[in-house]
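So, here's a batch of structures to check.
Two complexes come next, and they have one chain in common, chain A, joined by chain B in the first and chain C in the second.
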Partner chain A sequence: MTSRFELLGFVTRKLAASLPLLLGVTLISFTLTVHFGPDPAHAMLGKNPTAADLAALQRELGQDRPFWMRYADYLHRLATLDLGHTETSGEKVRDLLARTMPISALLLAPGFILGTALALFLAMVAAWHRGGRLDRLITGVSVVGMSLSFVIIIIALQAVFGVWLGWFPVRGWAVDGPASYLAHVTIPTLAFVFASIGYNTRFFRAMLVNAMNAGHVRTARAYGAGPARIMFRHVLRGCLLPIMTRIVYSVPALAISGSLLMESHFSIPGIGRVTYQAILSGDQPVIMAVVGLSAVLFAVAVTVADLLCRLADPRIRLA
Partner chain B sequence: MAIDNTGICRSCQVEYCGAALVICRIFLQAGQERVNNAVVPARPLPLIFPCTMENPMSFARTASAVVTALLLCVACERSGGNGEAPVVYRHAIDGIPASLDPAHAANIYSATLVVNLYDTLFRYRYLSRPYELTPNLAATMPDVSDDGLVWTIELRENVRFADDPAFPRGRGRAVTAGDVVYSLGRHFDPATRSQGAWLWRGKIVGLEEWIEAGANPDRRIAGLHAVDNQTLVIELTAPFPQLAHTLAMALSAVVPREAVEYYGREFGVRPVGSGPFILERFDESRAVLERNPDFDRGALDLAAEGLDPQRHAELGLEPLNGRTYPFIDRLEVHFITEPTSRWTSFVAGEVDNVMVPPEKSGQLLASRDPLRFRPDIERQYHTLAEPEAGFVFYGFNMANEAIGHHPDEDIDRANRALRCAMREGFDWQERNHTFYHGLGQVFPGVIPPFLDAFDPSLDASSTDHDPQRAQRRLQAHDWSPETLPRLTYGLEASVHQRQMFEQFRARMQTIGIPNERLRHRAFASFGDFSRAITGGELDLFLIGWTMAWPDAQYALQMFYGPNAAPGANSFNYSNPEFDRLFERAARLEAGEERAALYRQLNEMVINDCVHIGSLSRTRLHLWHRHVHMLPDREMLGGHFLRFVGIGAAP
Partner chain C sequence: MVVVDWIAPLIVVAYVIAAVGVWLGLWADGWGEITGVMWAAPSTDHWLGTNRLGQDILLRAVAATATAFEIGLLVALASSMVGGLLGAVAGLFNGSRLDELILWLKGTIDAIPFYLFVAAVAFALQGHAMAMHLAMIVVFWTTTARVVRAETIRLGQSGFIEAARAGGSTHARVIVRHLLPNLAHVLLVQATLVFVAAIKAEVVLSFLGIGVQDSISWGLMLAEAGQDIMAGQYMNFLAATLFLFGLVMAGSLLADRMQIRLDPRTRNQWRTQIQ
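The block that comes next holds the complex of A and B.
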């Protein structure tokens, strides 16, 4: 019971402590967007406007209102989740996010999970055979993977699986059930795994090798424990904190911006593609909603990471 | 029943997805020898399996495959499965429409969809070149008074808006002349944020007063009113022969007031029109449109649309003649911004057409001059090479006294010499080969070759690269590295644009303009770039101008004084003589007199060295042979999509 209350108090404290962070991030991003961001008025004007047209449009967009009023309005909208309408299509931003975020999640989740699991497995193999042929092979392949451009990987996979073999759609997101989902997600997933596996394997291997040097691992070996037991029970547990932190921290970036390249190349209507279009057109309600959401996600990720660390290692105090 | 490698079940015409086929393949390959006698190889990836029980020995394995396929395909079945496969055309475009509200349809991407969801009063004939207007929602071409000031337009009868919850009982109603009045009037409501208001502002009697009074749609506009449900009258303040062209633009499409008010800001994603298609689905990846059952414009008359039996022989259009259009049940418009993805998607057969990425042109063309596709490409696909209805060019900021207009005549002359020298120093042929794969057409002035007013005999020396002449000019007006102004070259941030700047600067260096006299400013978005031009922050900029109607007036308005920034005259060119002639030409009907005036105006722009240009890019289009159409998007926008036919390759 005490532990539960302690946990609840910890979460509340962490989230409360995130408020200044959220205010800071939103203020900075709002200032940057308003003063240095793309100008929607000029992008939205017709081909031969007059100065009066420009002024009227700027009034309509609220650009003539004082900065602090606009910022307060933005915070109010963010807090009430009434994010307004996009400046371009007029669609409700909330609907836009509700429509696109699940697509990005569905697009990225398999690659993220598979890529992380595969990288962890390869890292464990490499770490166990540290200095050996297998280690060198895995490390070498990882470096090659890191060196390959993501775009090249995407184009190659599209050519092989989409054009040459014809197994999967080259692009698009005509998903209306599990089978079409599998068809559309396979090439992006492969691309994601290829692109991320090198970085993750190298990082995880370094952590595992470091943990393998610990005294308790040597003791376990001396007792004659098998590789699996040593790896999963002693080594992996020992370096769970940095691995977990890396994984949890990469989720917000992945959810918002990580899908940009993939969604552009595969013409997938996810949040990355929408955000990119909003930046190009200066669609401030969308940009601000995504920035605000990123800040919230990041605050949540920090809290979750701390919580998981506490669960993984009881020595860590929930302060 | 058999499913082949295209994913279509040959019996029930149900389309299955790739993943199901892969799993079926795994099953079947394991039992290949046992089922071989029942398998008919298909190219390029044979995947045909029997759904009958002709071969008892292979029953178990075949049944496994079928069950697996069916289980997977329950969710991925994409047709009704009623034996009637819908006829689908999948059209790829290279951008994403931001809005489907006609008031925002100023670019080709939005216009492609808008003209298929809504009706415009007029459109261009499908196949006639030069482009010719023809009635669309209008019953006939307009009746124009002798003084050119009063236009009477009759509308077709029995045209209905599509059913939508915006209407009482969800049933669409007849389109009336009042809807046209409302649709044009709403451009002047600030809440509409129209991109097309400039087309009619100041041209319709009483419009300004109506706007001043609050642009209330319930109040009458003196010069824009419906006489009855079918008759529209437009009274102009001055003759405006281009009015009919504006009424063929997507911006002028007719919307129902009920839907605009029902959906409010979301009208841009919930279109309700009377066009040949109805929106079924729309996101950043594609739009799916279904045939509008209420759309009836009779049969396609190819002769009236301008069919030339010789020129259009390869297109296979004749079987469509006399049939009621549209010929397809579903139109899918895919938004593929990445050129590589667009190409691979076309090659994989996922879309039916492609505007070829310029970097692919080397693999497809047998020669560039004359432009000819490789014979094997022509055998495999339909092909089209056409110049864009627009051009790119550099413009100077004439409001900057350091390089543009100057009250002191001597300085003004020296500035002109500097601009002309920069024009002569620039090499359009090099630009064409470096960035446009040699597919562009360089021409002098701002009247592109596809227009009637283009003068093939016009002296083209203004597009010649002549560094010696440029140097002589600079010396003659005492320009030296010390006296040259510091110029700011604006560009949208991209590697491509930066490379163009470096090429430009290198050319300028050869005529004696040092690098430090020409600096660049990059902008993250078009809006910022546009704002900088409007604000006079840039002295020199590369811009593109797309013609909205096939008349040189549309290009020449860029140099008309009253259109100065933020208007179309981004260069702030001011020449009273030009303005006088432009105003005179603007009132004339098409003819020799007007063409002569246009040519005179064009020469004034060239002689004053206001711009460096110009170049029209060539678009290469390919489409699969089972698709019968002429995918000319330049002036037609998306109007041609209603005439697309699908069938056996000719």
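The block that comes next holds the complex of A and C.
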């Protein structure tokens, strides 16, 4: 029997194990943006600064200190969520993230849930009819879906629903209730489902087909269990680990990459557009905050995946 | 699936010919020249019409094929070399400090969202034209390294590597003479997958404005197309979509078939399938 205390220890150990990862990510982001990046002192002084002015400002900004001290300082600020101010509007980066993150979550969640569920369903149908016509159709369409770029899907949906049919708004985020939310979230949701379903269906199908070879599945079939019962109770359980790991792992990558593309194209004021604008204008504090934050999100996602696998499969011990 | 076996390589060859022709200056040289009116309809002069500036869309799409191959080949070659070497070293010294270091590096790079990483590299290189290529190589080697590492560990257990070591071969000789020939099929499949992934990534990055500069690419065409469709002009979108889709699809299918045909474990299964 596992006690609650044991579980807590497991989570703590897993989070501690992700420390080298967090250090690596922050080190890379710090090196790229601060060490190699353009010097903010130059930008602040404008054209033709004297060498003395430059040195004075760099001392004031703490740029004359050694690399490792500045990195430690950056880590300290990241840990205390003191993320500084944006260079363009002067808003606190923390406030900026708090304002934009919920919008991105609302934007991406329906597509993520719908896309995963649909892919799992299609993969189950394909795996059940393995080698048959339905299986070949689903795997064939999956490859087509994988070959369509996210960009193509976005423009096509914009053309069909925004320009031809005019059913949904294709720009902005004027959400003030459930109806306007549905109108604004429809095209991004469709785009997300189309972009992810090919990859996910293919992966889920491969895992399910593998799990179907197990002896207990054949026994269940011999006893006359129906497709739904066999798929959910016997097959899915046998391959829950890789499927769940993949779903959880894809969250941080999706949260940043998906929102970056859709929000910048559809002018939706989420974290993706803020990041995009920061990339174009070279807004150092925002880029560093987003990179650091996504690394934390990744570490949490890895821990959650481990935890879920443990809960689902008692064979994985609290190692 | 015999049909697929032939169609996918043929399509890839057609793209290669298009790209080589552009490199040799045989065609699509004038992709930047204004040769018609704004948004001219398809005609015998401009098979796919013209864009907003009056440039020929077909020429631009063909010229962009060469750009796609430049990016795809460079990234695939470099990341296969880095990933193959680091993966083989990690697998050969499985469990050592060196292995842990390589795994840590791989985990760290995988934890950074790809488009953010490209942006950070572009930022660090202050908008250098090769920033995108470099960022892709740094990110894409990790998958190759993971596959090569797993395969190396599997090969290491079969004993012939131990035999070579006992016979006095150096580590370098073991890697070059014994590991690489057995890893060739894995590397070839991975390189094809990276080739496709790099071309897809280029489209997204150029679309966002942090990719190809001072040249023509399908991503740049799609960025134009995003504006064009609001004015009811679709030729840019259709041309870039068809060219991109064809190459990515053929490349993916090719990688799939190569995986089955070249892997010694599944090669014979394929033969029995045919009979």
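Note that the second predicted complex is superposed on the first by the 285 of 319 C-alpha atoms of A that agree within 3 Å, B and C clash if a C-alpha of one lies under 4 Å from a C-alpha of the other, contacts with A are read in each partner's own complex, and residues count from 1 in each chain.
As a convention for this text, a contact is a pair of C-beta atoms (placed from the backbone, for glycine too) under 8 Å apart; a residue touches a chain by one contact, two chains touch by 3 or more.
The structure presented is a predicted model; accordingly, all values stated were derived computationally and were not measured.
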First (chain B), second (chain C), both or neither touched by A:Met146: second
Chain B versus chain C as contact partner of A:Asp73, first or second or both or neither: neither
Contacts of A:Val25 with chain B and chain C, given as first, second, both or neither: second
Contacts of A:Thr33 with chain B and chain C, given as first, second, both or neither: second
Chain B versus chain C as contact partner of A:Asp64, first or second or both or neither: neither
Touched partner set for A:Gly282, first chain B, second chain C, both or neither: both
First, second, both or neither for A:Pro49, with chain B first and chain C second: first
Larger contact residue set on chain A - chain B or chain C: B
Touching partner for A:Val163 - first (chain B), second (chain C), both, neither: both
Contacts of A:Ile155 with chain B and chain C, given as first, second, both or neither: both
Overlap of the chain B and chain C footprints on chain A, listed as residue numbers: 38, 155, 158-159, 163, 264-265, 279-280, 282
Contacting residues of chain A [partner chain B, same complex]: 38-51, 53-54, 56-57, 59-60, 85, 88-92, 99-100, 155, 158-159, 162-163, 165-174, 176-180, 182-183, 186, 264-269, 273-274, 277, 279-282
Residues of chain A that touch chain C when the two form their complex: 20-21, 24-25, 28-29, 31-33, 35-38, 143-144, 146-152, 154-156, 158-159, 163, 252-253, 256-257, 260-261, 264-265, 275-276, 279-280, 282, 287, 290-291, 294-295, 298-299
Residue numbers on chain C that touch chain A, as the complex places them: 104-105, 107-109, 111-116, 119-126, 200, 203-204, 207-210, 219, 222, 225-226, 229-230, 232, 234, 237, 241, 244-245, 248-249, 252-253, 256
Chain B residues within the chain A interface of the complex: 5, 17-22, 44-45, 72-78, 96, 98-101, 104, 106, 190-191, 193-199, 201, 264-269, 283-286, 334-338, 340-341, 344-345, 347-348, 350, 524-528, 530-531, 534, 548, 557, 563, 566-568
